[in-house]
Every structure is written in structure tokens, then in C-alpha cells.
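Note that chain A is present in both complexes that follow, paired respectively with chain B and with chain C.
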Partner chain A sequence: MTKPKITFDGQTFEFEPGDTIMRAAERAHIDQGIPRFCYHPGLPIAGTCRMCTVEVEKAPKLMTACSTPAADGMVVHTQSDKVRKSRAGVMEFLLVNHPLDCPVCDQAGECSLQNYNYEYGPGTSRFRDDKRIWSEATTKRLSDKLTLNMNRCVHCERCVRFTEDISKSNELLMENRGWKKELVSVADQKSFDEYQGNIADICPVGAITFNDFRFKKRVWFLKARKTLCDGCSKGCSIFADEEKHVVYRYRARRNDQVNGHWICDEGRVSYKTYMNPERVIQPLLKTGAEGVACSWQTVLSWSLAEARKAKRVLLLLGTDATSEEAATLMQILPSYWQAETQIRLWNGTGEGVQRSSDDAGLDKLLRRRDKTPNTKGLEMLGLKPFDPAQDQGFDLAIYYRSGRATLPAAPCASVEIGWGVFDRSEAQRFAAVWPGQGVLEKAGSYTNCDGLTQSFDAAVASHGGCAPVKKVLDALKVLSTSASASHEEVALGSV
Partner chain B sequence: MAIIVSRKERFLDKLYIPALLVGLKVTFRRFFESLFLGRTMTIQYPEQKREYSQRFRGEHFISVDANKVENCTSCYLCQTVCPAECITIIAEERPNDQNPYGVRKEKRPVRFDIDALRCCFCGFCEEACPKDAIKLSRNYEMAVETRAQAFYDLDHLKREVKGRG
Partner chain C sequence: MTKKLLTRYNNTPGSHTLAFYQSVNGYQALEKALAMTPDAVIDEVKKSNLRGRGGAGFPTGMKWSFMPKAPVDAEGKPKPKFLVCNADEGEPGTFKDRLLMTQHPHQLVEGMIIAGHAIGATRGYIYIRGEFVHETRRVEAAIEEARAAGFLGAKVMGKEWSFDLCVYRGAGAYICGEETALLNSLEGKRGEPRLKPPFPAQVGAFGMPTCVNNVETFCSVPTIIAGGAEAFASLGTERSGGTRLFCVSGHIEKPGVYELPINITLPELIAHCGGVLGGRKLKAVIPGGASAPMLRADEIEVAMDFDSLAKAGTMAGSGGVIIIDETACIVEVAARLLKFYEHESCGQCSQCREGSHWLARMFDRIERGGGTEDDLNMIAEICSNMAGQTICAFADAVTGPALSTIRKFRSEFEEHVRLGRCPCKHEGHAYPHSQIHHASARL
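Our next item is the complex of A and B:
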């Protein structure tokens, strides 16, 4: 059976039966030529903004691309004079009341209204009267995570539909009609759901902004890096927006197999684990009560001597290690010393999750109990969870984790070494800390709760002296084979 | 191909003295003009100031409103446009109790630093500013004793400048 065909601006494309014109344009990857405010691929169709109108041959009027079903043999013009005139008209009406405060507004630079006005809108205003202003509600806290500026709203109602159909909290609604239409929070709760950050993401203008990112950075400085959120076992696809290797926010990246268009708020602010000013980014060696920053050579030679003295060594792999790191460590690390090395995995998040069977969804959308990204991946490597009651009698314990998994409450051995991402208070218990990479700084792959393995690249360069696993292993090898390794051979530095 | 031209020099030309006097004519004229008529070419700098153009671009300042609150809303446009990358801004939300202006000034600079040693005084920041906050005054006396003093912070930038100084 041949697929139905639709013609956009003289080019013919196939589409699936049941598609709207917008969906057919998305399949053809030409949907960016159709501007939209109310349409969002993850939300139900509203057809209220009239920005996506296109000219369909043999149709008497302009049709909305988002809601008109595509038909076989349809001929669509997305950039004809009639269409552009209509869009300019819509823009002019929206700008009647929209304040010209782009310099203050945080959305400037990624604002649909700004972009479309540049493309379609009139450069000047014919409007001479006072603008509609909500003086009492210009900037109000919509919740503890969102700020609303009603003056900037273009009434696309994406946020309302999001709470109705996606997060299902039904918290937001539009009050009144016409010019007086105002977004209100129904129960006026401090925190109405766990997916509020998406509302700020899908808001096409700067009406709703996410408090955590608000006024932190102008968006045109940021570069979006594709990566994975390691905040839970779901492994949502995200953009990490960075400037000069500092990440300022996470945004959801479309991935229909995992997270659709959304991420949860907990994951959205989880970049702070790696951008934490309290994070240990230099090798530490405990002298007295405090860990003192030292060189990699010092900390590794000291640790190697400890491992050679020990009879039994425990290597505890946090379930936030990538599968590659875990496999490398399992194969290589035990060969550096004579002691018997036991390798176990450790999770401990979400009230004692240890294996993937303990994991469960916290709601119907994305959030999981297991707050580490790779429990399944480590189990696939044949690792068993660490059991404090059974696994005992170690002289040296090495904890490898990258910021998500917890640490066993009681010390597992007389000498403990932390390897990975720790903040200063967590590092207190360790005799030595080898700073490792967080998910933003390394490449690898995670297997999520549904058994889907996803790989990712490094988003930013390593902070401080944090070194990749492979480099640390190389340095350990140099130290273990030669009695007097030079400082340069063991100097890892940032990569 | 070069053409060789030979010029015949007379006795007077060979003396060179008359030619020298012709050249010194202007020098002597200026010398006597300034000595007796007071028509000098130089100025007595610290006491006397030279008049520059009204559009001269000198030391930066940030304009303030009647309440001495800076007009800057830290939109980062000056930082973005600055070719010398000498402007560093850190923004935050203005606390509600200090903000009678509402949404107009809800964002404020916590820090606004200009490294005057890097600045090339192109005036792009002034041109980019949507609030007419950052301006270049006509003050050209920017000599400082240490490099740190050439690093203007918000307190220095908000100093009172009448007109454009």
C-alpha cells in the first residue's frame, strides 16, 4: 500500500494516515517553517493561537496546521503572502499588550514571540493606547519553583494543558475571558507537582520562569550539550546548558522511548551535585582529623601501599558508575595487589533500594524510587549487592561512586578510600579521596529501569584534578611496576 | 629604468646657510610670537584643560534615578556586545522590599565590574544599553596608582556625574 502524500511549498512528502498537517510537517522535518504558540508535540491540540495557519489549496480560508487533518494530495503553502500577512496580524495583536521588557525578561534569546516577531511581525507598533497591565500580579510566585509574570502571557494555555494531561495535577487554569484572562493556581499550593520545570520550558514567552535558573544566566551564552540525567533509574535525555564548562541548567530533550518531552524537577536541579562548590576536586589524604589536598602521586602511592598491606580488599561500586567504568574496574583493579578483592555494588537510595527489583515508579510519569542511573547495568555485569551482615572482615574498602549512590552507614573496613564525586562532609570518613568524574564530565553508557542502554558523551571538561578511571588505573600501574615513578608519569590533572 | 638627473648647484647653494635660514623662519616666527604676543601652541595642562568634543568617550558611569538606584537591569547586552570582554555582570532578583518599581527593575546587578585596562572605549556598551544605564562620561583623567583601581565596581560606576561630565 502506498502512503498518502502531501505537498509543502512545492515539495511532496509522505505521511501516516491520521496525521495533522503539523505532524506531517514534523515527519518531513520542515515544521520549523510553521510558527506556533499553543501547539506542542507533547500536548493535546488546542488550536487557539492561530499562529500556525497555512494556506491549503481549494480551502476557502487559512487552516490551522496543528488541528487540520492532512489528506492525500493536499497542497499546502506555508510561506505564501496570505499566510505571512495573517501571521503578521496575529503578532500585532499579541504585541498590543506584550510589554517591551526583553532586557529584563529571562526568556529573551529563546523566546518564540521574539523569534516570530523578527520573522513575521511588524517592526513598529500602531497601538497608541495604554497597555493592559496587571500591576498587582506583575511578578508573583506561582509556586515555590515557578514565577509568573502575567503581563508577558500570550494565553497559549500550554501550561494549563500540561497540568491537565501530563502531570495531571489540574493545578493551573485560566480565569476570566479576553483581555482579562489570567492564569491562576487553583489551590494556591506551595508545590503542586514534581514536573513544574517543564511548564517553564514549554512556556513560549517569559511569563513562567523556573526560579532555580531565573536571572542566573542569559541564554545566548549557553551551549546545549546532549547528555543523560542520572537523577534516577529512568535515564531521561536532557540538554545540559553550559558556558565555560559550568552547567547552569538541565532541559528535557525529546526521547520518545524514555521520557517524551519531560523531566522531573528533582532531575532538573541535579546538576548541582557536580557544580557543588563543596565538591572535592583535588586528591585528599587524611593527616590528623582533616583531609589535606595533595598530588595524585602521593595519594596513589599511599593507597597502593595500604592495599599491599591488606589481606582482603572490598571494592564497592556505586550504581551510578557507567557500565564501562564498572567493567574496567572489575577486570583491572584487583590485579594490582595480592589481596583477595571482593567486588560488590551499592545503591542505598530511595529508602534502601539495592537491586533493580526494589525499584518502582513513584508516579505514572517518570520518577523512580531508585535514584541511581545504572543499577540494571551493573547487575548485568554480574555484580551482587553488598550485604553488611555477610560481607565482613575487610582491611581496605574502596568506594567508587559518582555522586548519586549513598555510602554504607557503618565503615566496611578499617581503612576507607573514596573514589569519585563526594562533597567535603562526605569525604570526612575517608582516609584518602581520589576525585573522579561526574556524569557531565565523562562518556559512557547507562542501562535504565526498562533495560534500555543509552550512551552519552561528556558535556563539560573535568573540574580541578578529577581524573577518568582509565587514567587513574594507568597511573596505578606505573606506580605498582616501578619503584620510583616520576611525578610527571602520575600527574593526571584535568582532562 | 632609472633616469639620472644632475642638478647644477651654485656657490650659494653649496653654502647651505640660506636654505637653513629659510627652514628656521617658521621656528623663529613661532618663537617670537609666543614670547612677545603670548600666542602659545601648548597649554598649561593640569591648570588648563583642553576642550574635547561633546561626543568624547571617557570613563564609564552608570546612571541612577531619583532614588539613587541604578538604571541597570543587568540584561547583559553590554557584556554580550563588548569586543574587549571587559564587562562582568552578576544578576539577581531585587528584594521586594527594596523595589518600588515593580517589574521594571525586578532584576538588578549584584556586581557590575568594568576592567578599564581592557576597555577600548568603543562605546558599544552605551549603544547597546536599552535603559541608558551605562554611559561613557567625558572624563579622560583615568590615571590610577594600581591596577586594582582600574577595575571599576558598581559603587564607583554609580558615582554622581553631571550631564556627561
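Our next item is the complex of A and C:
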């Protein structure tokens, strides 16, 4: 059976039956030529902004691309004079009451109104009367995480539809009618759900901004890096927006297999685990009560000596390690010393999750109990959870984790070495800390709660002395094979 | 004068009671209709050329025939069908449904039962605007009486068909007179028009196939069934049968609701109502409710049926005829009308929300003398960006008074611009309300 066809600006494309014109344009990857405010591929159709109108041959009026079903043989013009005039009209209407405060608006640079104004806008305003002003809502706390500036709103109601149909908290609604229509929150400035950050993401203008990012960075300085959120076992696709290897925010990246268009607020601010000023980024060796920064050479030599003294060594892998890291460590690390090495996994998040079978959804959308990204992946490598009651009698414990898994409450051995991402207070218990990489700084793959394995690339470079697993293993190898290894051979010292 | 069909028993004491209604052959049309097949009833209404009295003038029989015969849901289970009566009567200048509901509620109930039989509905809703408290009570009382008499409920007149009516009060928004906004409001949602398609005949109230008609339309149905379609059709024009209720208001000697032939001419109508108030000179007429473009005094030689008025560039709308005499300032009239539309736009579509606001502000400024020649030239352009571009016809309705006044009475606008004040008012006239642009302030 042949698929139905639609023609956009002289080019013919196939589409699936049931598609709207906009959906067909998305399939053809030409949807960016159709401007929109109220349309969002993850939300129900509203058809109210009237910005996405296109000219359909044989139709008496302009049609909205978002709501008009595509039909076989339809001929659509997305850039005809009539269409551009209509869009210019909508832009003029939307700008009538818009404050035009782009220089102080945090959305500037990623604002649909701004972008479309360059393309369709009138450039000057013919509106001579006073603008509509919401004096109380010029900058208003909408919730604990969001700030509302009603004057900038274009009334697309994406936010309202998001709480109606996606997060299902039904907390946002429009009050009043017509030009006085105002967005209000039923929760009265309190938290209303765990997905509020998406509302700031989908707001096409600067009306709703996310407090955590507000005024932190002008968006045109940021580069969007594709990566995964490691905040829970869902493994949502995200953009990490960075400048000069500092990440300022996470944004949802569309992935229909996992997270659709959304991420949760907890994950959204989880970049702070890695961009944490308290994070240990130099090797530490404990002398007395405090860990003291030292070179990799020193910490590794000391640690290797401890391992050679030990009879039984515990290697505890946090379920936030990538599958590659875990496999490498399991295969290589035990060969560096004579002692028997037991390898276990450790999770401990979400009130004692250890196995993937302990994991469950916290709501119907994305959030999971298991707050580590790779429990399934480590289980697939054959690892078992660490059981403090059974697994005992270790002289040395090496604890590898990259920032998400918890630490066992009681010490697992007389000497404990922490390897990976720790903040200063967590590092207190360790005799030595080997600073490792977080998800942002390394490449690898995670297997999420649904068994889907996803790979990712490094988004930013490592900070300070944080070193990749492979480099540390290489250095250990050099140290373990030649007792009199020279300083130059241990290349890690300069990392 | 002409034969009256709907308002024959106006001002008769007790005309709203079942006892009176039955004494004048009430509910006999229902009995006759129930003996007919639903399709036969629809055919009869089609033959009568009855056109919807709410404003659009869509043929009623045709609308009924669009209802699916045996709708099923996704699982193949049969879906109920609903009948909705639009008694929101929000169009400024219209007050006919109010009269029908206060004086002849049983006519409405009987009409709805016949319509319910024709489309196979199981339930009917009467959506009455919130301000109509007295009317609501009358209709509710009529429904009670009809139910007690067996015309409503589990077995309508002993037939194997159950049908009941339910009154729902709106909250007073003009837009809820638009049928899909009405359905949203009926469901408890914001009264905002829906995207079409799907049309209410496919997805209406609560997702079920729904037919929405005006009060006057339903009230005409018993007459059609009782007296025959031909008799009804013969009263009107070729394409529009029956009589029509005209609500005449403004500068007129005898304002009120008049049941007259649908093809009466406008001068005849004005003469029938006693002429222009105080014998003054006519300036303009709004022939079909506030949304209808104005007719100038020299354009009034026109019949009042749907097609003739459409040909004259305006519309018959809901039958609200507003007479404006020479003492009125057209700019002020237009500014007041636009203020109404600014207040009543639901605010979904960009053009309508911002455009109605912009036009209202501009007309107000022109009326106060702050307008410029540029403003006058811009009005047509703003209107062309609004009309026909939105979900419902509200934006078109806004452009009705705006465009017709600036086109037909441009000299008056220019006079305002030239003088810097309203020529109809003395210099230094104090306006009763100051303009507040804060959206959080009350209008």
C-alpha cells in the first residue's frame, strides 16, 4: 500500500494517515519553517495562537497547520505572501501588549517571540495606546521553582495544558477573559508538582522562568551538549548547557523511547552534584583527622601498598558507574594484588534500593525510586548487591561511585578508599580519595529501568585532578609492575 | 396583520402553565410526532424551511440530519446522543428567548421532545444564561409539569423511549452563546470555543454526538408538526419559512418583541413599531444584533430575511434590531460596542484577544478626540488581520461594527479628529469613567 503524499512548497513528502499538516511537516523535517506558539509536539493541540497558519490550495481560508488533518494530495504553501501577511498580523497583535523588555528578559536568545519577530514582525509598532500592565504580576512568584512575568505572556497556554495533560496536577489555569486573561496557580505560590521545570522549558517567551537558572547566564553563551541524566534509573535524555566546561542547566531532550519531551525537577538541578564547589577534585590522603591534597603518585603508591598488605579486598561498585567502567574494574583491578578481591554492587538510594527489582515508579510519568542510573547494567555484568551481614572480614575496601549511589552506613573494612565523585563531608571517612569523573565528564553507557542501554559522550572536561578510570588503572599497572617506578612513568601526576 | 405562531397567547394570564398550554392544543404536536418515524419528523422540518434562529440561519432539518443514526464508541458500545438548547441569549439587542421562556416554556419543552425524538436523543440540556433567574424558574417548573404528565421521563407518552430535560445555568459570558463554547461551559470547563472539526454532531457535549439549537427554533417545531410543513413554509420566503421574532430597541416609539413575517422590510418594521422615537430622523440601524454591520438610513430598503440582509452586506443574526437616530454619535456607538467585545473576547486566539483590545482602545481615543488620520486608515487593516483567522466567528463579529461605522460614517470620525473632541457633546464634557489600563483593574 502506498503512503499518502503531501506537497510542501513544491516538494512532495509521504506522511502517515492521521497526521496533521504540522506532523507531516515534522516527518519531512521542514516544520521549522512553520512558526508556532501554542503548538508543542508533546502537548494536546490547542490551535489558538494562529501563528502556524498555512495556505492550503482549494481551502477558502488559511488553515492552522497544527490542527488541520493532512490529506492525500494536499498542496500546502508555508511561505506564500498571504501566509506571511497573516503571521505578520499575529506578531503585531502579540507585540501590542508585550513589554519589549528583551534586554532584561532572561528568555532573550531562545525566545520564540523574538525569533519570529526577526522573520515576520513589523519592526515598528503602530499601537499608540497604553499597554496592558499586570502590576502585581510583573514579577511574581508562581511557585517555589518558577517566576511569572504576566506582561510577557502570549497566552499560548502550553503551561496550562502541561499541568492538565502531562503532569496531571491541574495546578495552572487562566483566570478572567480576553485581554485580561491571567495565569494563576491554584497552589498559591507553593510547589505544585515535580515537573515544573518543563513549564519554563516550553514557555515560548519569558513569562515563566526557572528560578534555578534565572539570571545565571545569557543563553547565547551556552553550548548544548547531548547527554543523559543520571538522577534516577529512568535515564532521561537531556541537554547539558555549558560554557567553558561549567554546566549551568539541564534541559529535556526529546527521546520518545524514554522521557518524551520532559524531565523531572530533581534531575533538572542534578548538575549540581558535579558543579559542586564542595566536590573533591584532587587526590586526598588522610593524615590525622583531615584529608590532605596530594599527587596521584603519592595516593596510588600508598593505596597499592595497603592492598598488598591486605588479605581480603572489597571492591564496591556504585550503581552509578557506567557499564564500561564496571567491566574494566572487575577484570583488571583484582590482578594488581595477591589478595582475594570480592566485587559487589551498592545502591542504597530511595530508602534502601539495592536491586533493580526494588525499583518502582514514583509517579506515572518519569520519576523512579532508584536514584542511580545503572543498577540494571551492573546486574547484567553478574554483580550481586553488597550485604553487610554476610560480606565481612575485609582489610581494605575500595568504593567506586560517581556521585549518585549512597555510602554504606558502617565502614566495610578497616581501611576505606573512596574513588569517584564525593563532596568534602562524604570524603571524611576515607583514608584516601581518588577523584573520578561524573556523568558529565565521561563517555559510557547506562542501562535504564526498562532495560534500554543508552550511550553518551562527555559534555565537559574534567575539573582539577579528576581522572578517568582507565588512566588510574594504567598508573596502577606501572606502579605495581616496577617497584622503583620513576616519577615520569606515572603520567597521572600531571593530570 | 400576519398570523402569529409563537406568540399567539402573549400576555394571557397563566400562559406558562401546562393546563393553559394543553387547553390550546399543547402537546398534540408531540403525540403526532411520536406516531411518525424520526426520519419523517426530520423531513417535515426540512420541508418547512425552518432556519436556525440563533444567528447563523442554518437549516434546522439539515442540522438534525447530520446527527449519526447509531453512534458507537471505540469499543463498539452505543453512545448516547444529546440535545442542547441554546438559551444563552447574549447578543446585545436580543431579548426574544426571554419572552418565550417566561410566557411559553411548554412550547420549548414540547419542541425539544419532538427534536429529541427526531434525532434519537436520550437527554436534553437547556443552557440558560445566569442572569435569567425568573426564566430559569419558569422553565424548570414547566419541565416538572411535563414530567408529571408523562411527557418526559422513562416512557415518553407510554412509548419505549426515555427522554429527560435538564436545566443548566451559565455564568454570563457572551461567548458561551457560541455552540462549542456553550458545550465546554456545560461540561464545566472554560467557556472557550472548540476547534472544528470535529463538529458537535460527532463530538459534542461530554464527547457524545450533540445537536444544539436556539430557543426560538425549538419553539417553532410544534407548530410545524401540528400545522404541517407547507403551512409554515408558506409564511416565509422561498428559502426561509415561518415567522420571526424581531427584538426592536433603541430610538423607537414602541420597543419590544414583534412576531412578524420573516420577509418584512426594515421600513415596514420601523413603521409597525411606531416609527423613530419622537419623529426624529433615522441615522442607522443595526439589523441583527450587535455583531451585524450597521445599515445607513439610505440603505434600509431591505427585507429582513437571512438572504436579503446578507446581500445587503449585513446579517439577520439573532433578530435584534437596534434603531439609532440622528441624536446619536456613531463614533460613541461604535466605541461602546467595541468595549463590549473587548470585555467578552474569550482570549484564546491571538488576533481576537489583542485585536478587540486594540480596537476598543483606539475607538475610545478617537471618540474622546485623541484620534489621528492614521488611526482611521489603520482600522480597516487591523480588521482584515482579525476577520476569518480565528477559531470562532467572534473576531468577525468585532469587525462588524468597527468596519461598518468607519466605512459608512467616515465623515463623523474625521470630524472627531479635526475638532479634537466629540461634536455631539459640549466642549469640556466630563466622561463618566476614566480609562484604566491595568489588567487587574475592573473594567
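Here, the second predicted complex is superposed on the first by the 489 of 495 C-alpha atoms of A that agree within 3 Å, B and C clash if a C-alpha of one lies under 4 Å from a C-alpha of the other, contacts with A are read in each partner's own complex, and residues count from 1 in each chain.
Definition applied: a contact is a pair of C-beta atoms (placed from the backbone, for glycine too) under 8 Å apart; a residue touches a chain by one contact, two chains touch by 3 or more.
Worth saying up front: this structure is predicted, and the values here are computed from it rather than measured.
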When chain B and chain C are modelled together on chain A, clash or fit: fit
Greater chain A contact set [chain C / chain B]: C
Touched partner set for A:103, first chain B, second chain C, both or neither: first
Contacts of A:135 with chain B and chain C, given as first, second, both or neither: both
Which of chain B and chain C A:293 touches, first, second, both or neither: neither
Chain B versus chain C as contact partner of A:220, first or second or both or neither: first
First (chain B), second (chain C), both or neither touched by A:381: neither
Contacts of A:51 with chain B and chain C, given as first, second, both or neither: second
Touched partner set for A:75, first chain B, second chain C, both or neither: neither
Minimum distance between Cα atoms of chain B and chain C in the superposition (Å): 15
Chain B and chain C contact sites that coincide on chain A, given as residue numbers: 135
Residues of chain A defined as touching chain B within the complex: 99, 101-104, 108, 135, 138-139, 149, 151, 214-216, 218, 220-221
Interface residues, chain C side, partner chain A - complex: 173, 175, 190, 195, 342-351, 353-358, 361-362, 365, 372, 374-375, 378, 385-386, 388-391, 435, 437-440, 443
Touch list for chain A against partner chain C, complex: 37, 45-51, 53, 61-62, 67, 85-86, 89-90, 92-94, 96-97, 126-137, 150, 154-155, 174, 176-182
Interface residues, chain B side, partner chain A - complex: 73-77, 80, 91-93, 102-107, 130-131
